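Lettered A, B, C, D and E in written order, each chain numbered from 1.
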Amino acid sequence: MTAASLMSRPAFGLRLPRRAVRPLGRFMANRGAVVGALILLCFILAALLAPWIAPHDPLKANFMAVRQAPSLVYWLGTDELGRDLFSRLLWGARSSLLAGAVSVAIALAIGVPLGLAAGYFGGMLDALISRVVEALLSCPFLVLAIALGAFLGPSLMNAMIAIGLSAMPIFVRLTRGQVMAIRHEDYLEGARAIGLPDRWIILRYVLPNVLSPIVVQAALTIASAILAEASLSFLGLGQQPPTPSWGSMLNTAKNFMEQAPWMSIAPGVAIYLTVLSFNLVGDGLRDALDPKG
Amino acid sequence: MTAPLLSLQDLRVRFPGAPANVVDGLSFEVSAGRTLAIVGESGCGKSVTSLALMGLLPAGTDVSVARADFQGRPLLELDEAERRDLRGNRLAMIFQEPMTSLNPAFTVGEQIAEGVMRHQGLSPRLARERALSMLEKVRVPDAAKRLDAYPHQLSGGMRQRVMIAIALANDPSLIIADEPTTALDVTIQAQILSLIAALQADTGTAMILITHDLGVVAEVADDVVVMYAGRVVESGPVQAIFDDPQHPYTVGLMGSMPSMGAREARLATIEGRVPTPAEMPEYCRFASRCPFAVDACRAQRPPLVEVGPGHFAACLRVPLEVHAGACA
Amino acid sequence: MIGFIFRRLSAAIPTLILVSLFVFTLQKLLPGDPVLAMAGEERDPQVLEYLRDKYRLNDPIAMQYLHWVGDVLQGDFGRSMRTEQPVTQLLLSKLPVTLQLAAWSLMFAMLIGIPAGIIAAVRKGTRVDYGVNVLALSGISIPNFWLGLLLILLFAVKLQWLPASGFVPFSEDPLRNLQTMLMPAFVLGASLAGTLMRHTRSAMLEVLRSDYVRTARAKGLMPRVVILKHALRNALMPIVTLSTLLFGELLGGAVLTEQVFSLPGFGKMIVDAVFNRDYAVVQGVVLCVGIGFILLNLLADVLYRLINPRMRTSA
Amino acid sequence: MKTPDKPILEGHGLTKHFTANRGFLQRAAAPVRAVDDVSLTVRRGETLALVGESGSGKSTLGRLLLNLLEPTAGDVIYEGRNLGNLSAQELRKVRQDLQIIFQDPFASLNPRMNVQRIVGEPIWLHDAAARSEREDRVAELLRTVGLAPEHAERYPHEFSGGQRQRIGIARALASRPKLLLGDEPVSALDVSVQAQVVNLLEDLKQQFGLTLVIVAHGLAVIRHMSDRVAVMYLGEIVELAPVDALFEQPLHPYTQALIDSVPVSHPKDRRERQVLGGDMPSPSAPPPGCRFHTRCPHARPLCRENQPVFERLPDDRQVACHFWREIASAGSGSPIVVTPSTAFSQRLALFKARQSTLTEPHP
Amino acid sequence: PATLRIGIQDDPDMLDPHRSRTYAGRLVYTALCDKLVETDADLQFIPRLATAWEWSEDGKTLTMNLREGVTFHDGEPFDAEAVKFNLDRARTLPDSQRKSELSSVESVEATAPTTVTIHLKKPDATLIAQLSDRSGMMLAPKAAAGADYASKPVCSGPYEFVERVQQDRIVLKKYDGYWNKDVFHFDRVVFMPIPDTSVRLANLRSGDLDMIERVAPTDVKSAKADAKLKVYSTPGLGFMEMVVNIDNGSKAQNPLGQDKRVRQALELSLDRDAINQVVFEGLYIPANQALSPSSPFFDKTKTIPARDPEKARALLGEAGVKMPFPIDLKVANNPIAQQIGQIIQAMAQESGFQVNLIAGEYATQLSEQQAGNFQVALYNWSGRPDPDGNLHQFVTCKAPLNDARYCNPKVDELLNEARVRNGLEERKALYAQAQEILVDEAPYIYLFFDPRLFVARGDLQNFQPQPDGLIRLENVRLAP
């Protein structure tokens, strides 16, 4: 880098708002991202407020009202056991959003430290971690998920663990790559020159500076995790009855695609919108956090 | 003197959403065979000026000009197709970063030949021959072999030579060189500068040389425009600028260059920094850093006044020794 | 190049060992007795014990692993416990289906995703960009099994334009093969196309900002040439990586699509094998997919070298 | 200027080879010989400059001296102690004494930390001072480098390049170092700002009795700042001499070429010049014999075969060239310096005078 | 078309009747392998490869006359030696799954080319039934001696093996040398495993299949409404039950396992009819015994108790358990089982139970059940023609499928006795007595007999569904 190229970056004014505000501003300027965030907010609220806003008990079967089409009583219709789909949809938001969030949390919790270690220390450790990640990557997701689901017993938590584990390699790779990219940055060398211990440098210097692509990837992974939960439900490995999740609702609904199409429409649209929103938000984050704009 | 090749009056550039013009009323002329240097600190709008002339600014950028006459044609009023025909043909550019300005995926021969084929309609074979002769012309050793080399196989100096070859391939009448040597080592910088000088003498091409290094200016320029924050603060023949700098900014700039002679006293400094676009005042943009500034400087935009033959300065307080010396 | 390929392949050995160890560990962790699962309604204790011995299930896991490695090194992947078919034969019979499905859907995805990504990047911020993006996201967001069923109901049951299932090898009846592949390839391709489009878009945006694209424009080249030659060539790197990754994923994982369209591919086989605890098959498939992955990565690297001359000399 | 003689830091036979990590089972590439068998002494209180082309190993040598890189061979002696033999504990102590300033003011500060934390961290690490005490120290340091204490709450991106470089210097000073390595501390800055930082470094050196090692390729700055200059080429020091001697009578042909390629400072000085041809060879495959022979206008067969010794000459000079005597008398080099015009000198004097009467403005 | 494509639910396991275990396999064997004895729609035994059979007075010798002129698909002739080979193979092959079915056989003797004599250790009333299933299937001896038999089976049925693509299809073609080939009208029969019921039906409706088995009850209505399709249904032999852990490890040590009143209460909390309506569209047959109405052994006297939550609560109170009484119910991870589980959960709740559903995939469920790691499990049994096959191996003390570890010497005695008696009425009485005890002690709570549901294209003629669910293709043809 030369003087000129460096200085041609915009000079930041002291009276300009802080950088923290700027990405937010850029994010808010992105219409798609804002719409996505609003939809998500609605779903999150729905999930949180489900006990209060759900018109019916999501678990209460009504054998007199099996598979009824949407009506004034049952806004979105009822399912194969006569349970209110709208209420189940609200409650299902809990499992599905949780599935997304927790799996990504698991992936992050394992992937990021491994990636940090591999990228920062390099050498044998890096080789070892990279090989393991490669091996994990070549082990098909569903094998892992089925095996884990079978091993731990099918449940939402275990589906989340499986999804998290299989999403983990991406984060290792991403983090490692980012760390490699900044490993020789002067501020790290400066930190070493002061004599700061590696642990501290990784935590205070490396991590914050590799975080933004990770955040973006996390948003996108949440979306795929929600879909993955639906897939696992299809194989009977996701959220277990009678607790609703969108995936399991859709899975049951597929047996009644013709007799009761409304059963699949509600969870289908919910999944679609959520995944779409997470993707939109992820996109927005990426653009907002990318200094190159 | 013949009619200038390019005559620019009152160029203004504003980026969408920006609070002030990045280039604000820039005027200059370049004649065939001459070298005009544009000097100024980083961020003062030098590159933006060159991109505006080339028509390469991002879409949506607001560019206005009172007059931009290039070989008798209104440069900024041409439509996109006409400008495309001009670019790389009559009007060529050399960029600052030789390491990133060449496409890593194609051989240098191809990258030179491409422009030749585009503008001269030569066959690939002839274009390749032309590329070879261009490489020889910019004194790339082993040119025939290097023709099929990829950029990454060349050193920075070599790459900059290739960039020059690309620019010269269609015998342009004007070359805009945006800091062509900044990224290079001193020894390589010297090579490139002397190459450019020699080629220019050969072909009679006019050149706008953008730089922040006064040494480079001293070395090759005929005329100089000193820019500060998007405006011209001083312009004139190179001798006049070096021997008779009038604007306080020019004086400060020259004084802050350490000399190669025996060690002297402390360097002069210009305190403060370039105002950001948000802070650009309508009045003299240097006023906030100028040790000579008076209230009048903050009241109006100082006009460019002729202080010598062809030598202009935009300062209310020139000549300094008269105005400032008196009240010092 | 040959030397490079050889080196890469030998470097893949530890990965394969890890993959196989990994599968063995998973297998060991799996609950459920394979012999019992196999026996189902018939549970003669003597027979169960005999089968356990026969499949070395009573051996320590390390021994089982060593035996298996030894056999694999001799080209023997064992036999399916469930049907006694040789795993090699099983793999060979499923591979064409899986490969075809993967190839068709990837091709479909590329034909849609890459041009769409380029257009979106070039028209960044316009309505075209938004439209393409929303379409791409839709492709990503619709669960495959659901879309698949919907298509079957529409095109196979209602309209009767396409067969609902019944894979026919391309060599046997190309037309019929295309017909059976159309819907599954669309279902899989739709989500891949979305992913590809988005990556193409961001790679293109990145490249369009680069200095050499500016140089190309400064040469007065036509926009078409600038975009399709100078920019795309360089944006291809991440696209190639992604495509090979996606292809690799398809090798092991078009499970739901295969299920819905009754395609006898790897995905379906592996799900059944895991559920039935047919370990030899699981191991065979995973190893095969692992090898596939490694070959794909190799292919990606070879392609890199073709696209990016910088990597050729730094081999 | 008097040159104190006591060494503070010595390098003996320092060598650094970078081997690219090629991974398991892959052919190793030839190592990059970034620094090859270099010995030099840094004297207490002096300013030593390392000059050379890009890739000649200046930064690597600097980092070796500061023990930021593990040498492939050779020793670094700091105040009589071999750094290679110290325990982690002792090394940490030594780290306080040896600090570094980086070239790129945009890359050398952690963008996620505010100035208070950036500058306060070394104090926290080495002194375990109380929080308020630390804040006072930071404020004082900021004042020392010409920033306002109020700046402590801000983040690096809120500063201009020159100000950031000052923050970097403040951080380096925070652990009360004895020696400061500047790795191209001003070359990323605009001339006007560059001058501010050069002046600041000189002031600090006086104020704290620092020893400076300046890595640079801008010769004018070197000339202005340093006491002695070491010229590097392809991982080796080819000439080492007091600054005036070096600039007035360069002995090594490479030094001559370097000085010769500096642009003139005035259009009147334009002249035909002898431009050094070619590029620096790759450090992973340095040429045999004298490493400079591929570009040297005076090269003879001997240069191709024998590596010249790094000869010690009178007047505190050292040079590594077989034929320096003949070449030196050939009389190349030594830049022509034109005295500035009276108009300019007068206005500059006026400018400086005005400047100093104004109180230092803090933006 | 001369091909019949049948969509089946699961992929069969190895195609060796002596070693195979799956129900799906039996579907294929019906076309591929002839057996000595056949059953008709009323579950009566009728001749097939054996044209006649006769019991000795003491019930310990069975003599069978064999059909003449029968050849295996590879041309090998079928004779008494072949029968001996097959029965011996089924009894002695180390991994034969038929050993227990033929455990009463002491030796087999080819007394003449077309006569075979089977000597038994003790009388066995179930033997003919066994010989009407896989134990009585005749494989070509030469081929069966080879190692690769399972992947290329050779029998003597109306259709011979062509190819198999695992999980995709099993193709059979008509065997020209079949002794009764004129009543078989398809040149080829293809079995295609498609596990998902809705996909299976969709394939039938799109014309990619000609016939499907195990149709989802919820799909029956729409299939009936489709003029192009025809629905077949007959009561089956298989049943669905809840297995209660009586004495299998620590999970049995609770009132549910120890006190029959709690189990009775659980049963009383269920409304089988309601479940039938909600889940099965009323197509299933509620059960409280192991013997289906289609079996001659069906006990008409056992009426299904009506749902009675009050009484259930009272029983729970008597048993002294605290309500709500928590129980774990294991269900398979398929939609039907889960629906039933959820309904049971809802119904039992009103009777003072708190049912906790635990879904598991098949293999795990099976091991856990055997290991005693369950309290109650929902279980399906495909059914056997002879009552012994539906009772003895579940409820006698040492029986292999007795996951409940229920043990009542009286029951053992009755069921063992029923094995060696030959008269229908005599046996019927014994089974009735045993079931009396079982209903009272309720180690197994029977829920439903599943009907055999098929859907085929409308122009398929002469197909007759049978209680065992197997598809017999005699005379079946497409309308011209």
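Rule of thumb we're sticking to: contacts are C-beta pairs under 8 Å (C-beta built on N, C-alpha and C of every residue); 3 or more make two chains touch, one makes a residue touch a chain.
For clarity, every value in this text was computed on a predicted model and none was experimentally measured.
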| item | value |
| --- | --- |
| Intersection of contact partners for chain C and chain E | A |
| Shared interface partners, meaning chains that touch chain C and chain D | A, B |
| Centroid comparison with chain D (C-alpha atoms), farthest chain | E |
| Chain pair showing more contacts of the two, B-D and A-C | B-D |
| Distance between the centres, which are taken as Cα means, of chain E and chain A, whole angstrom | 46 |
| Distance between the centres, which are taken as Cα means, of chain E and chain D, whole angstrom | 88 |
| Rounded Å distance, chain A centre to chain D centre (Cα mean) | 48 |
| Intercentroid distance (Cα basis), chain E paired with chain B, Å | 91 |
| Where chain D touches two or more other chains at once, by residue number | 23-24, 160-161, 190, 363 |
| Multi-partner residues of chain B (at least 2 other chains) | 41-42, 97, 212, 273-274 |
| Chain A: positions in contact with at least two other chains | 2-3, 6-7, 11-12, 16, 150, 153, 235, 251, 254, 257-258 |
| Contact footprint of chain D on chain B as seen in their complex | 41-42, 141, 155-158, 185-191, 193-194, 212-219, 221, 238-239, 242-245, 248, 251-264, 266-274, 291-292, 320-321, 324-325, 328 |
| Complex interface listing, chain C residues touching chain B | 210-222, 230, 233-234, 307-310, 313 |
| Chain A residues within the chain D interface of the complex | 1-3, 6-7, 9, 11-12, 14, 16, 18-19, 122-123, 127, 185-187, 189-196, 204-205, 208-209 |
| Interface residues, chain A side, partner chain E - complex | 60-61, 63, 66, 80-82, 149-150, 153-154, 235-237, 240-242, 251-252, 254-259 |
| Chain C-touching residues of chain B, taken from the complex the two chains share | 54, 56, 84-89, 92-93, 95, 97, 100-107, 114-115, 118-119, 150, 152-153, 163, 166 |
